[in-house]
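Each structure below is given as structure tokens.
You will see two complexes here that share subunit A, one where it goes with subunit B and one where it goes with subunit C.
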Partner chain A sequence: MIELAWRNLWRQPRRTLLTLAVIALAGAVTVFLLALQVGSYATMKSNTLRIFDGYAQVQGPGYLNDPVMRRAFGRPDRLATAIQDIPGVGTAAPRAATYALVSLGPHSVGAYVVGVAPQAEKRVSSIPRSIHSGRYLQPGDSPEVVIGQALARNLGVKVGDRITLLGTARDGSVAADALTVRGIFASGVSTLDRQLVEMPLSRFQADFAMPGMVNLLALSGNSLSRVQAALPEVRRIVAPEHLVVRSWGELEPGLEAAIRLDASTSMLWYASLVIVVVILLLNTLLMSVLERTREFGVLLALGMRPDAAAGMVWIELLLLLTLGLSGGIVLSSGLVAWYGTHGLALPGASGVFAQWGLPSRMYPQLSAFSLLTGPAAIAAATAAAGVIPYLRIRRLQPVTAMKAA
Partner chain B sequence: MQILGLLLELAWRNLWRNWRRTAILLLAVGIGVWSLTSFASLMQAWSASSLDAGLRNMTGQGQIHALGYLDDPGVVHRMPMPSGRLLRLLDGSAIAQWAPRVSVPAIIQSEYETYPITLTGIAPARERGLSFIAHTISQGRYLAGRNDGGVLIGRKLAARLHTTLGRRVVLMSQAANGAMAERGFTVVGIFSSNPANESDLVFTGLGTAQTMLGLAGGAQGELTGVSFDLRDIAVLPQFIKAIRAAAPHLDIQPWSVLLPLVSAMTQLSDSFIWVWLAIMFSLLAFGIVNTLLMSLFERTRELGMLQALGLKPRFIFLQVMLETLLLIGIGVGAGLLAGAATILAFHKGLDLGFLAAGAQWLGAGQVLYPRFAAGEFFGTGLVIWVLGMAASLWPAWRTVRRAPIDAISRAT
Partner chain C sequence: MKKPLPHALLLLCFALLSHSVQAAAPDPTALLQAALHQWRGDSSYTELTMVIHRPDWQRRSSLVAWTEGKSESLVRFTAPPGDAGNATLKHGPDLWLYNPKLGQIIKLPFSMMAQGWAGSDFSYNDLAKTDQIVTDYAHVLGPTGESDGHTVYTVDCTPKPDAPVVWGKVTLRIRDDDVLLGETWFAQDMKPVRRLETLQVAPLGGRAYPVKMRMSVLDKPGHWTELTTTKGRFDLKLEGYLFTLSNLRNPRSWSAP
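Right after this comes the complex of A and B.
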């Protein structure tokens, strides 16, 4: 039966080739665009999260919506060790944070002051690597800070200057300290460069009267997906301490919403593409069936069951799909592999991506999802549409069919 | 001319000899054109919406600042109130609205919390229509005048500060003399806007801000900037040029410089439309060629006969081309009609619903207003039509060359 279908296909080689071209092109387009989307989502997510947030965070229950220093918890080291033992999670970096006033001489600026553990921080955030003058904090540093580039400019601060910090401690008293600027960083994210000050965690805890306490643990690992997979386990560990785990989507709701918006609008595009392809294929198939009405009549008269005759046409369709889609997949895998390493430059994209600290090139990413979703949708839709010629053949009467022109 | 009419009629009849095939191809072309036009208009609506949101978001179509302010916004880079030629241009007929502002980084404190924000002193009447503030007040009132001593804060900031209407907050910022200026304010209004605005922006009266920051000297005091809207945004480049000539020592920029993200998004969606046009067209081209080849193949004998009877090959070619002209033309027409209907159906606004949060974060509104842009609309249709004709050249030419040979050599 398959052989019969196969031979039928090549009775009209030109038509078959053109049809294959349609399928292959559509398959390739969906695979490539999907790979491009998946790739850019992945870079957007990991680049955004790697700058400062981390792939997930452990926080006190109300901290997400009301990030105030009061909502702190103790014994972070014990928790961090337990969490780091979970496979997939690399580091749990403790942080304490508050807003305070930073001044140099007459200049004062409001800043987001974060106490960090320098070694752990290096594995969670890219800020230690984006120091453009001076150096990052080291274990053993105490009255020392690194600050953002724009903040340094607004204050008129250079590396080596002493700045004063003025804020409210956890117990309501005044927190004040004099700190030496060790380094200035340029993360590329304007809010961070304008507001962020990092200082050693122990000094922060002393200044703000919260000994041994932190506001959050920032988690990282080899990949976002592995950290994501480890979250239930993290949740189990922190639940007895009355702490919660915040996933990347909760930390960056805007980014998640933007990705959801882009994904749903592109579904519209893909749907219209699949519809057009199905119609074009149906056209070819229906024509070839009508042409062969007489032939089918003969087959039926010779004793072929209508089911079998109709099934044969369906097999023809499946063969077409298999050939065309595998061609499309091969073609687009090549394209994706090429652009995956060289990047695809888009006009006007640099401004859009700079917002997330990304380069202006997009790197498509090949995965089972991007490779198979589009072709599977085309195959399913077309195979379903194949019901029309199938039913048509089943209805044929041998005598009238043979009489057909 | 007479033969053309004859060929046209022949072409028309040929189309409907196999009406099923024609109908299916029409459907394919129609859906292709429909998706192109309606999506293009949706993307334009998106661009327009993010542009509008961006402009209302304190930017305006253009801004005037002292040199250096955009790099380092603060009281250090201040400018005098517009006067002379600049003032005449601003008050001229080209401008719909302009507003003076004092906008500086500041720190806000409630009894409980401290946050860094941007404090902007505004002339309330002049801001109406120019920026989002006046129509997004959700609690309390808008500012009453330039010397209003109350502040407007965002809903999110109010929650973070644990403060509410009628309570007092303290604002601190660097004044013109370099010292820290500090002043207590009463919260008179709370606005609801996008999350960034709600947590970062605080407004008070222009005069109040000038007094606090030591900018009240001279007849009208000093500003950090002016924002303006033109009556017709199309003349913005020329107007920027004119105003730069009138005030050479000031930094005057159009929105495209002030909002690089919005302008990049517009470019990106424009280029995506063309990529999509290319993809759709390639698919349709294969479909058109395939269908045409099929229908010509069936008629090999008939075409050979016509030639034998003396119809010149170029007329056969012409007839085939007329057939495609009609076929694709009808398909394009149907697609355009469907596209227009879609745009019309949504011209009162397409609510993004559950996707609105993403839209807002990307700087667009919750409701999109697709509009009919005749140039692009018919342009898309025309491009498909012309390219479709081009795709049919090969089958038509092939038929003319091969028909007599095939017709003779084939039995059926």
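Right after this comes the complex of A and C.
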């Protein structure tokens, strides 16, 4: 039966090739677009999170919604060591943070001051690598800070200047310190560049009266998905300390919402594309069935059962789909592989992308999901639509069919 | 046929009527000015204790404060030792801080005026006792009540159209002897956000004074700051050097005359 269907296909090579081309192209387009999307989501997530947040964080229970310094916890090193032992998690960087007034001479600006462990911080955040003048903090630094570029500009601060820090310590007393600016960073994220001050954790703990305590641990690893997969284990470790784990979506709800919105609107596009392709194929198929009415009449007169004849046409359709979609997948894999390494430059995109910390080139990402979802949707929808010619053939009467044009 | 009312009676009626109208509806703006004046005088020297209360901790500190007119004020911490010496000077529109550990004066940006002062629930604006409430708001008299044998007036203040104000409304309760009994701040959606309550009125420096006041943050239960005025002198002659940067940095010894 399959051989018969196969032979039937190549009795009309031009039509078959054209149909195959349509299927292959449609398949390739869905694969490529989906790969592009998955790739840009992955870049968006990891680039945004790698700047400062980390792939996940361990925090005190209410800290996410009310990030005040008082919600701190002790013994961060012991916890960090235990968490770093979990496969998938690379680093757990301790941080303490508060808002304070930073000033130089007559200029004062409210800033987000974060105490960091320089070595661990380098593995979690890209800020240590985005130093634009001076240098990042080193182990052993004490009365020293690195500050964002826009903050430095607003204060009129250069590397080497001494700025003063004034805030409220954890016990409610006045916290004050004079610190030397070691470096100025340009992370590319305007809120960070305008607000963030990083100083050595130990100095922070002394200034703000929270010895040995931190507000959070920022986690990183080789990939977001591996860290994500390790979170249940992290949760198990920190639960006895009454701490909670915040995933990337909780840390960057805006990013998660943006991705979800983008994904749902593009699903509409994919659905319309699939529908158009299915209607196109159905049209060709019906035409060919009409054309071949006489042939079916002869087959039926020779004793072929009507559903066998109808099934034969359906198998022809399945063969077309298999061939076409495999071609499409091969074609798009090639494209994705090429652009995945070389990047796809979109004119005018850099400004929009920068706010999510994206480079101006997009890198499509090949995965089972991006490779198979589109073709599977096309195959399923077309195979289902094949019911229409199937029913049509089953209703044919041998004599009238043979008399047809 | 109607009997004409005797003239004398008519006059009496008028007199009573106009008197009662006067008693029932004082000018709300004048009420505010009087309450502010009662609170800070033309000048004042006060000694205070402050308790900052949070659900899981509380902190007590002591301070002294001088004010003159509507725009000059100096507040200095005297205890606990860790905070002693920290001071805030408001001079004209500018706000300055002095920290003894740094030995430095820091000028605060104007935007900080509405922020919490020294970790408390009072803002710099509250503390400086500015008359922004008089100048930037339109005032309407609200319902009148009774407390401790005094009449209590309510004044609803809505910001003037172009006033630099974040609140939707501010409501004050003022006793008929000009003592401020309470103040409630409403957000733009008219939800009450913070409340100042007078917990105790007592004679101080020769006037009835709200000696104990508590500021509460309404959406955070257990967050409040209490200010108790232990000593007060009003309308005294203050030396000009008090409200200068050099006195902020190097305080001259001063004792109430």
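Throughout what follows, the second predicted complex is superposed on the first by the 405 of 405 C-alpha atoms of A that agree within 3 Å, B and C clash if a C-alpha of one lies under 4 Å from a C-alpha of the other, contacts with A are read in each partner's own complex, and residues count from 1 in each chain.
Throughout what follows, a contact is a pair of C-beta atoms (placed from the backbone, for glycine too) under 8 Å apart; a residue touches a chain by one contact, two chains touch by 3 or more.
Just so we're clear, the structure is a prediction, and the values are computed from it rather than from any experiment.
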item: Clash-or-fit label for the pair subunit B, subunit C on subunit A; value: clash
item: In the superposition, subunit B vs subunit C on subunit A residues touched; value: B
item: Subunit B versus subunit C as contact partner of A:Val22, first or second or both or neither; value: first
item: Subunit B versus subunit C as contact partner of A:Ala176, first or second or both or neither; value: second
item: First (subunit B), second (subunit C), both or neither touched by A:Gly254; value: first
item: Contacts of A:Thr164 with subunit B and subunit C, given as first, second, both or neither; value: second
item: Touching partner for A:Met402 - first (subunit B), second (subunit C), both, neither; value: neither
item: Which of subunit B and subunit C A:Ala100 touches, first, second, both or neither; value: first
item: Contacts of A:Leu290 with subunit B and subunit C, given as first, second, both or neither; value: first
item: Touching partner for A:Ser108 - first (subunit B), second (subunit C), both, neither; value: both
item: First, second, both or neither for A:Ala186, with subunit B first and subunit C second; value: neither
item: Region of subunit B that runs into subunit C when the structures are aligned on their shared chain, from 150-158, 222-230, 240-248 or 384-392; value: 150-158
item: Subunit C-contacting residues of subunit A that also contact subunit B; value: 101, 106-110, 168
item: Subunit C residues touching subunit A - in the complex, by the definition given at the top; value: 52, 54, 56-57, 59, 77, 80, 82-83, 86, 97, 99, 101-102, 104, 106-109, 111-112, 118-119
item: Contact footprint of subunit B on subunit A as seen in their complex; value: 14-15, 18-19, 21-22, 25-26, 29, 65-66, 68, 99-101, 106-112, 153-154, 167-168, 195, 253-262, 264-265, 268-269, 272-273, 275-277, 279-280, 282-284, 286-287, 290-291, 346-352, 354-355
item: Residue numbers on subunit B that touch subunit A, as the complex places them; value: 20-21, 24-25, 27-28, 31-32, 34-35, 39, 72, 74, 105-107, 112-117, 159-160, 172, 174, 178-180, 195, 260-261, 263-268, 271, 276, 279-280, 282-284, 286-287, 289-291, 293-294, 298, 352, 355, 357-362
item: Residues on subunit A engaged by subunit C in the complex (per definition of touch); value: 70, 101, 103, 106-110, 164, 166, 168, 171-174, 176-178
